[in-house]
Amino acid sequence: MRYLPLTPEDREAMLATIGVQSIDDLFLDVPEAARLDGPVNLPLRATELEVERAFARMAKKNISAGEAAFFVGAGAYKHHVPASVDHLIQRSEFLTAYTPYQPEISQGTLQTLFEFQTQIARLTGMDVANASMYDGSTACAEAVLMAARVTKRSKAVLSGNLHPHYAAATHTACKYMDIATASQAPVPGALDDIIAAIDEETACVVVQNPDVFGRVHDLTPIAEAAHAKGALLIAVVTEIVSLGLVKSPGEMGADIVVGEGQSIGVGLQFGGPYVGLFACRNDRNFLRNMPGRLAGETVDADGRRGFVLTLSTREQHIRRDKATSNICTNSGLMALAFTIHMTLLGEKGLRQMATLNHEAACTLADALSAVPGVEVLCDSFFNEFTVTLPRDAAAVTESLIAKGVLAGVPASRLYPGKGLDNLLVIAATETNTEADIDLFARALKEVL
Amino acid sequence: MSQTRYTKDHEWIRVDGDTATVGITAYAAEQLGDVVFVELPDIGKTVTQGGEMAVVESVKAASEVYAPVNGEVVEVNSELESAPETVNEAPDGAGWFVKLKLSDTSQLEGLMDEAAYKAHIG
Amino acid sequence: MAMNTQGRPSRPVSNIEQGGYADTFSGSRGLDQAEALIFERGRTDITGVDFPEAKGTKARLGGLERTEEIGLPGLTEPEAMRHYVRLSRKNYAIDLGLYPLGSCTMKHNPRLNEKMARLPGFGDIHPLQPQSTVEGAFELIGELAHWLMTLTNTPCVAMSPKAGAHGELCGMMAIRAALDARGESGRRRVLVPESAHGTNPATAVQCGFYCDEIPADATGRVDMEAFKAKLGDDVAAIMLTNPNTCGLFERDIVEIARLIHEAGGYFYCDGANFNAIVGRVRPGDLGIDAMHINLHKTFSTPHGGGGPGAGPTVFSEALAPFAPVPYVMKTSEGWRMVEHEEEADGEPFGRMVAFHGQMGMFTRALSYMMSHGADGLKQAAEDAVLNANYILARLKHVMTPAFDGTCMHEALFDDRFLKDTGVTTLDFAKAMIDEGYHPMTMYFPLVVHGAMLIEPTETESKSGLDRFCDTLESLAKAAKDGDTVRFTAAPVHAPTKRLDETRAARNPVLVWTPPEDTLEAAE
């Protein structure tokens, strides 16, 4: 078997050294009732070629983003990732390295994480960031748990325009922690009246920007209202490229910023692995209550600069039942992909990329508003907006597949049974050509 | 007149009238390693004997500091916030954690004196 | 933030400040290249990506344009390549050598997995595309789910948890939901062995439980008398790792399952050590109610410097109704995904995460499973157990095993053999670095003093194991012979010497800030 180096001779010699007759003698503690007669009822070993064929057969049944005019967003976005990113993350020393608990032989991982943390802090306008979480939705949940710890309050108000998966993940995480999470109703094309829901018992307000329908908001009044009542503002960013063009949540008064880094370096991957971003102000209390790993700068015995994981006493392996989170594994390799792509872009490249995204969305919005019966709901947006169609958006999207268009996410997929069935959430990125946009507008007109 | 008593969890308590100063012993500080952070209770908090009163963290460990007796927190050593290393440098003196107003001085009888504590740590 | 406008530091920094060596002019030594931070190397006006010209369309950002400089340096592709390749060479990796890390299962990461994950039909699909356009993805998830359920003999698996700890949360939330559904919310006590991994109590607390520790007996297994004494009608569950964190199979596990069920509680099994028994023993046969499976351990998905992982969680009949959304199911019309609680058959406790789960890890894990097959997986478990016992047999005369007898896939030693040498477990580990090995797991489990937990996995050759054992023998002998400095000064051959973790914790520096004089020069 190609992955198993031991030969039958090796096994014999090793059993002799151990002093047992057969491998079964090493499994004697297994209860009789649980011993099996032979291999479990699954296919036997396959060659590389056989595995490749099986996978190719399944893969062929899917329509990949590159095969269609692609406008699907709602929390994950198709962007172009330079070839060197994937090449670098496949280097053995990055791909097959463990968590950097032995810092002297993990400076590659630790330095890139330190660079990642700095990039995230600057992008979000915050003071510090951690070394990644699983994804944006769990980062959002962790932020609410942290806000409850820091403010010692137990109510969280979630904007109605927060991605419903994020709201659900947050609600689930808080469910058994005596933290009440209340979601407002969604308001496509505007902002829900979240300020009215803040009171002296509110630990935090959670607002997404740009929101799930694509609209861009000024968070400053919400931050002020929250702070006036002693609550924290948690800003959620699901499209990190937006921060190349839109004011950062930090500038608008956010206390904690969480988000999804998938757009940079990671690719669509059918929903995972992604990379959760978590950043906050450098308040002393905040630092001690942050979840996740943190890479910090220090020196070695010769006075040479190096990096280590630090403030580990927050984490489960030391603090156990009093840990800030149960998280152990992070999204290290995806954080690396993010930081490599972001380094290749630089500020200049990120702004260019963001501008192209916004222009593509503006062009698309104009092209679609020209289709009879279609109305664009968002007056401001980054690379995503919502339209009202004259009939059921899910049915329309389905008919567009045959015309080579993957048109976006029907709001009914995100909010079933909420009367939003005619709404379609549409994203456009730097990967959409004029031809794609023309095709979408023409095909939509034909189908409606 | 002040007397120092010890708990089996390595806290020391030095009484002066009806208030007392509490810290952790040199032995505990050594076991912990370099102290990097101390979490002190709020002033006015009521503590009970054996209950959690503070937390002391080193790089690789976090330990609870327990109240040796019942009482009320009247002062905390806020110096430790900026200089946690004081706990390692002077655990019996400048590295004190909390000052308590005692509610039941008889509880001191049950604690170890210096000789008994030395025997305890072996 | 201010970046020096020339793009160069206003005075040359010494090699040491940027992490280089002091004894060469360049700060590099041969192939060990010094490499500063991107913030010291790059500039905000440089980019390594070419874009077409923007059209200059009027913005529709609601007046919320970002005007301030962000402070993100860029590097051209050649410079970026050098930066990351140089840094990569400062990392130990499985492809370089053995990681004897107990409970981490650092086995070889097959490259076929990487190729399969990158097929456009899997890598370039969006989770919210119409379900009719991703049938193949659901089929893959369903196939993997089938393998996991068959290997564990369970009727249900939740695929969405993103890591092992996330899977633990999934299992314990299902238990909490089941108890609430029975009207028994008063059950709040979770029994956990003293040797449990830290994620166990952390997870229990997040479900509104508290932990009650069970001591181990002299053989390192759950003390049955102590366990029985702790049963009561306020017990929600037991969380057990099997084989346990001392590398031993819990012989009484079937009895433990029977007793916990009799007491009205549930059995959560931490599947971190599944590699010892995969294909040979099915946890469902032992009586578990929930078990997470670390795809990045048992099923070879790469550790990537700390993540990503994946933690699908299997459920018994009793807990299956409470499994979270989303999940895939096969219907007469093909595969579909149930995404919303309202359309689910049972009473899911909710949704744990956005989208569907770690698809990229599913493709890799399934590729691994299909490559091995039922026979190969069984062989892998047997070789893993054989390799650990070989190490135990070869080292037990120079190091001190924590328990008598044979082990499963990992061997546990304590620091008695280092008594009076002046060498601690930590020092011993750092000396291993100088010998070219990543240290084993240290100081875990907490029940053993100065613990050293060694798990070689099945992908180590016999000659590799021999070389490793020879080295540890020599180190143990050197410690006993009084060669203390070798250990206390270690490591001396790594890219850095021992790093000051106290300083990092007392004065955390978590982001780069420009040094004072560079700020002044910019003004």
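Going in written order, the chains are labelled A, B and C, and every chain counts its residues from 1.
The criterion applied here is as follows: contacts are C-beta pairs under 8 Å (C-beta built on N, C-alpha and C of every residue); 3 or more make two chains touch, one makes a residue touch a chain.
Since the structure is predicted, the reported quantities are computational estimates derived from the model, not experimental observations.
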item	value
Minimum number of chain-to-chain touching steps separating chain A from chain B	1
Longest centre-to-centre distance from chain B, chain (CA-based)	A
Separation of chain A from chain B, taking each centre as the mean of its C-alpha atoms, in whole Å	44
Inter-chain centre distance, chain A versus chain C - centres from mean C-alpha coordinates, in Å	19
Euclidean distance of C-alpha centroids - chain B vs chain C, Å	37
Contacts with 2+ other chains: residues of chain A	312-313, 318-319, 322
Touching two or more other chains - residues of chain C	501, 505
Chain B, residues touching no fewer than two other chains	36-37, 57-60
Residue ranges of chain A touching chain B (in the complex, touch as defined)	288, 312-313, 318-319, 322
Residues of chain C touching chain B in the complex	443, 501-502, 505-506
Residues on chain B engaged by chain C in the complex (per definition of touch)	33-34, 36-37, 57-60, 84-85
